[in-house]
Amino acid sequence: MSESRISALDRQFDETYTPQSFLQRATTSMVKSRYPVVAIIFLTLIVLCAVFATQLAPKDPNRVEIFDTLKPPLSTNREGDIENVLGTDSSGRDVLSRVIYGARISFFVGLAAVGLGGGAGTILGLTAGYFGGRVDDVIMRLADIQLAYPFILFAIMMLTILGEGVLNLILVLGIGQWVTYARIARAETLVQREREFVEAVRALGATEGRIMFRTILPNILTPLIVIASFNVAGVILSEASLSFLGLGVPESVPTWGAMLANSRNQLLSGSWWLAVFPGLAIMFTVVSLNILGDWMRDFLDPRLRGSGQGL
Amino acid sequence: MHKYIIRRLLLTVVVVFGVTLLTFLSIHMSGDPTIFYISERASKEERLATRKRLGFDRPLHVQYLDFIVNLARGDTGNSLKHRVPAFDVVMERMPATLELTIGGFLLSTIVAFPIGVLAATRRGTMTDGTLMLGAMLGQSMPSFWLGLMLILFFGVTLRWMPVSGHVAFLKPLFEGRVDEALTNVPQAIRYLLMPMVAVSVYSISRNSRLIRSAVLEVLRQDYVVTARAKGLNERTVMMRHAIRNALIPIVTVLALQFAFLLNGVIVVETVFSWPGVGRLVFDAVSHRDVPLVMTAVVLLSFLFVGANLIADLMYGFLDPRIRLE
Amino acid sequence: MNKKVPMLLSLLLIIVLGLVPIMSSAQTVPTPDDDTLVIAINGEPGSMDPAQVGGTTGGSNFRIMMHTFATLYELGQASGAIDPYLAHSFTVSDDGTEWTFHMHEGLTCDDGEPLTAEDAAYSFNRMADPANGFDGNSAGFVVSSTGFIEARADSELDVTIVAAKPQNRAMRLGLYSEILVHCKDSYEAMSLEEATRTVVGSGPYSLTEWVPGEYISMQAVEGFDLRPQGFDEIVWRFIPEPSTAVAEVITGNVDIYKEFPANQADAIRNSGMAEARFFPGTTRTYIGFNLNPDAPFRVDNPDHLGSQAIMETDVRVALQYAIDTDAICENLLLTTCERATSLVNPSNADHPTLEPYPYDPAKAEELLDAAGYPRGEDGVRFSLEMKSRRLSGAMAPEVVLATAQMLSDIGVQTEAIFQESADWVAELLTHDLGPLYFGRTGGSEWSAQYDMADIPGHAAGGAAAETNYTNWDNDFWFSGWDILPVLTGYPEAERALEIAMLEEFYNDPPWLMLFAGPRTEAVSNRINYESRADYFITGYSATLKDDM
């Protein structure tokens, strides 16, 4: 059985498989629907903030200025200069600098945790769905145990043992995500496994690994990508919830979630900027990720493209 | 089918076993719990005596087996903080958590369904755009923040809603006081409304987006196209083909949703002073109240396993191609 | 597409969303009745057993139980004067070990059982009986601090408390006044388990309902005339989140909320519903220098400059000059406070020779240079970690961050680390917390020795004594405790020794001394209520204002 025939069959059911024109088509499609371009620009900005935080931030984000607490945005000092563009928090720390530094943690924690959990979950789910039987049992029982465990409780337990820290947080959030991917990957694989073209590829003598990763995987990615786009956002919000409970990263590491959580004592007294700026950062990031996810879904799904329905 | 259910129930035992083991090891890995049950001014002798009294001086495996054996006999031991059976402590708070979780679950499903279907059928229109933008915004708010905003706006500024608190509905109902439960209904809903919204807005948004995706996916399938080509009217196409098939991925997500809502519940219960299990368990973990944490985790895991079982059964029911063995 | 489907769906949406205004317009939220006082507290007690006061099991139950249970007597705030309660007077044996209290006639418990000397003796013996496994303030602290042996009823109305050692009068007075009296027959009939939830009280109010996670309500006891009963009913609501509690105050649903976050004062004042009070408290606030040579942070990392540096007295003295307590109090706690000169509350002792360390960063730097810790190329002399529990209430985390910044400003790079309360306490107890920790510990207004007892003498273990959290090893101080009991009965000599010991504390400081308190309390405009400097809330003394 020839490799080329199998590839041809794969391609027939996975039309994204045309490397030479992929980028070109992606760009065209993105520009055509406009929103993804905006999302990409915003996310690039966030990544730049994260990478160049040290250069971009006007102040040390942890510098406490006891005489300058709760200054509103754009308020001036005695010389008439604007010192804190986005104001200061209840410890006199510069909000703008903290938002910029926050991009580093919030965004990368989100990406890393989803990468970790999504990758592991997809592979496990694919394996479980494809092989079934004993393998399926073991993996899905692990998933059930994980699933029977309320995530926040799990996080509280783990963070109590491991202690606070960015890496610990990524690990805990990642472990918290894998089941979602595993279950969806498994469910989709169960459906795909029964489809004719898989039978056909198998009949042509493709190896199990090949069928799993080259034939089935591309066909089950769509829902996983949509989930992932939501998930990065969800993880950013989980970090905020953990901060609310006093868990997560140390006080010296600024994150959007922790800023938002800490703003709660000032909400009633009207220091709106403490909640608004980190809140906006989270909101724009989440919305951008979702727009991007939507677009990827439409773009990666070949059956949709021919239908003539644009966004 | 019956065999399947029996097998699943047996597997539940395995799951509960795994969950308790994980919990037990976690608590003990973070140090000797005794230290949390003596005063700041306790002497060393007192500490050792307390350790012995609480049974933490025994080898770990003995403690764990002891717990499991007692659990099998229906005895969960006394909560270290509350000094009454841990099972009772959890169960007296369970109704409030169920009210919030079930309320949130219903709200997120009932509201998300029309939004998702509507957006899918109106794909590309203003309606679709507005609904999906709303969903995206709904997904970008942490529940504690939304909860505080609701308190600020509806509770403090407008004074329409009670800021926090709880009126029981399920508890009197479970205890057989039906009349009391029924009289409480209007007040119970009033107090439930804001926490329920705070806990479910994220889920509503997420679900409506997923439902939209799922419906769109199905609308493009050959059999729908065929059905349309056959001249079946749109309503029949939607109801008989599209929605039924779209339900498969949705049901999976909704089952997971139950667990997801319970996560939000811990935070939201704190914000609204809601007397549920979430806050209780959080305190129990931070005080290393071993029997209480173990009991709560066991009971919550039963809930989740049940939800997952139902989801799997629905799966087989909705998609005959998948056989449950 | 059939138009009916979206229309039906939209209708459903409208019904769901419509619930909000319909239900809301039906009635506005009712505020409490004129005969009900509502008090918000953050934590729920685990037990309402009168012998289980505080500790991790009891939580903040003493605040509540001092309404349902009476004590033999109380100590007046600030004055320390005896305020009779169940007992009207007492006598002390010549050697100072046997104190006999003479009780009022005709007292009863909630269930009608007569309350006599036998019951008072039972209350002491029950809480001290190791078989009952009580801990916390009564069983854990009072028993060991007073050397309690037994209590016995000499007659119908006379109860004698026997202790092993003679002790400072004010100190023992304070400790005995904290034991809650309960009736023998009622509590003997209950198992320990039942007693955690069942209350047969002896105080001005009796428990009517305890809804777990929600509230405890209590009713004024008819015919109880030893204490006022301003309201017929008192409700204690458990509100874990401070912002929510403040929102309840603003909307008029809560009458008293002690220790609200200082920066919510404006929100409370602007509401017009309540007063936001600031006043000096008795909680001693300080930064502890952990001096334990065997602490893990020192053993695991023997070359760490910072943890070695603070072992030197000169360094610890130098750091005192780095903290601007006035600025902290004025800017972060929105009040003024007096800087402490020792571990004793300023109100307890005028120590004429001691001046609070002034804020003088230049001098701090000078002293550190002289001690052999110059600034390095990066401006850092040495680095330290400061551990704090997560604070709620008036004392905000901002204070911890500000002190860390002030130390960093003189070249002592300090990072504030926040821990779960329970974990923090666990390390504190074993003297492993540090190198620095941000501490708060309750104190009194009526006895210097009560405050000093945190660091007891040789007999209680010296440096290793459990409550000597810094592991301070000072022989002068320990010897002082050996001599103090001998001076009982010679107040002037006793006082002189106290002052000498406090001077030693000042000159070889195990603490970076900050201030006592301050406290905040939100009090509804509809009530008259006098705030207390300590942590208690006496809801029974609150009354409705006449014009309400």
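Should a chain be cited, it is by its letter among A, B and C, assigned in written order, with residues numbered from 1 in that chain.
The definition used in the following text is that a residue touches a chain if its C-beta (ideal position, glycine included) is under 8 Å from a C-beta of that chain, and two chains touch if they have at least 3 such contacts.
Computed from a predicted model, the values in this text were never measured in an experiment.
*Asks:* Closest chain to the overall C-alpha centroid, by per-chain C-alpha centroid: which is it?
*Replies:* Minimum centroid-to-centroid distance belongs to B.
*Asks:* More C-beta contacts across A-C or across A-B?
*Replies:* Higher contact count goes to A-B.
*Asks:* As a quick test, compute the distance in whole Å between the mean CA positions of chain B and chain C.
*Replies:* Spacing between the chain centres: roughly 37 Å.
*Asks:* Hey, how far is the Cα centre of chain A from the one of chain C, in Å?
*Replies:* Centre-to-centre distance between chain A and chain C: 44 Å.
*Asks:* When the C-alpha atoms of chain A and chain B are each averaged to a single point, how far apart are the two points in Å?
*Replies:* 22
*Asks:* Can you tell me which residues of chain B touch two or more of the remaining chains?
*Replies:* 148, 152, 156, 270, 286
*Asks:* Going by the contact rule already set, what residues in chain A reach two or more other chains?
*Replies:* If we look for residues of chain A contacting two or more partner chains, we find 160, 264, 267-268.
*Asks:* Residues touching two or more other chains, restricted to chain C: which are they?
*Replies:* Each of 241, 243, 247, 250, 420, 423 in chain C touches at least two other chains.
*Asks:* Mind pulling up the chain C residues that touch chain A in the complex?
*Replies:* Within the complex, chain C contacts chain A at residues 241-243, 246-247, 250, 261, 263-267, 324, 327-328, 331-332, 390, 396-398, 401-402, 404-405, 415-418, 420, 423.
*Asks:* What residues of chain B sit close enough to touch chain C in their complex?
*Replies:* Checking each residue of chain B against chain C gives 31, 35-44, 46, 49-50, 53, 78-84, 89, 92-93, 96, 107, 110-111, 113-115, 117-118, 121-122, 148, 151-152, 154-156, 158-166, 186, 189-190, 193, 233-235, 238, 270-276, 279-280, 286-288.
*Asks:* For the complex, give me every residue of chain A touching chain C.
*Replies:* Interface residues on the chain A side: 63-64, 66-67, 69-70, 90-91, 160, 246, 250-252, 264-270.
*Asks:* Which residues of chain B touch chain A in the complex?
*Replies:* Of all residues in chain B, those touching chain A are 11, 14-16, 18-19, 22-23, 26-27, 29-30, 123-124, 132, 136-137, 139-145, 148-149, 152, 156, 202, 206, 209-210, 213, 216-217, 220, 248-249, 252, 256, 259-260, 262-264, 266-267, 270, 278, 281-282, 285-286, 297, 300-302, 304-305, 308, 315, 319, 321-322.
*Asks:* Considering the complex alone, what residue numbers of chain A touch chain B?
*Replies:* Counting only chain A, the residues touching chain B are 141, 144-145, 147-153, 156-158, 160-161, 179-180, 183-184, 187, 190-191, 194, 222-223, 226, 230, 233-234, 237-238, 240-241, 244-245, 257, 260-261, 264, 267-268, 275, 279, 282-283, 285-287, 290-291, 294, 297, 303-304, 307, 309-311.
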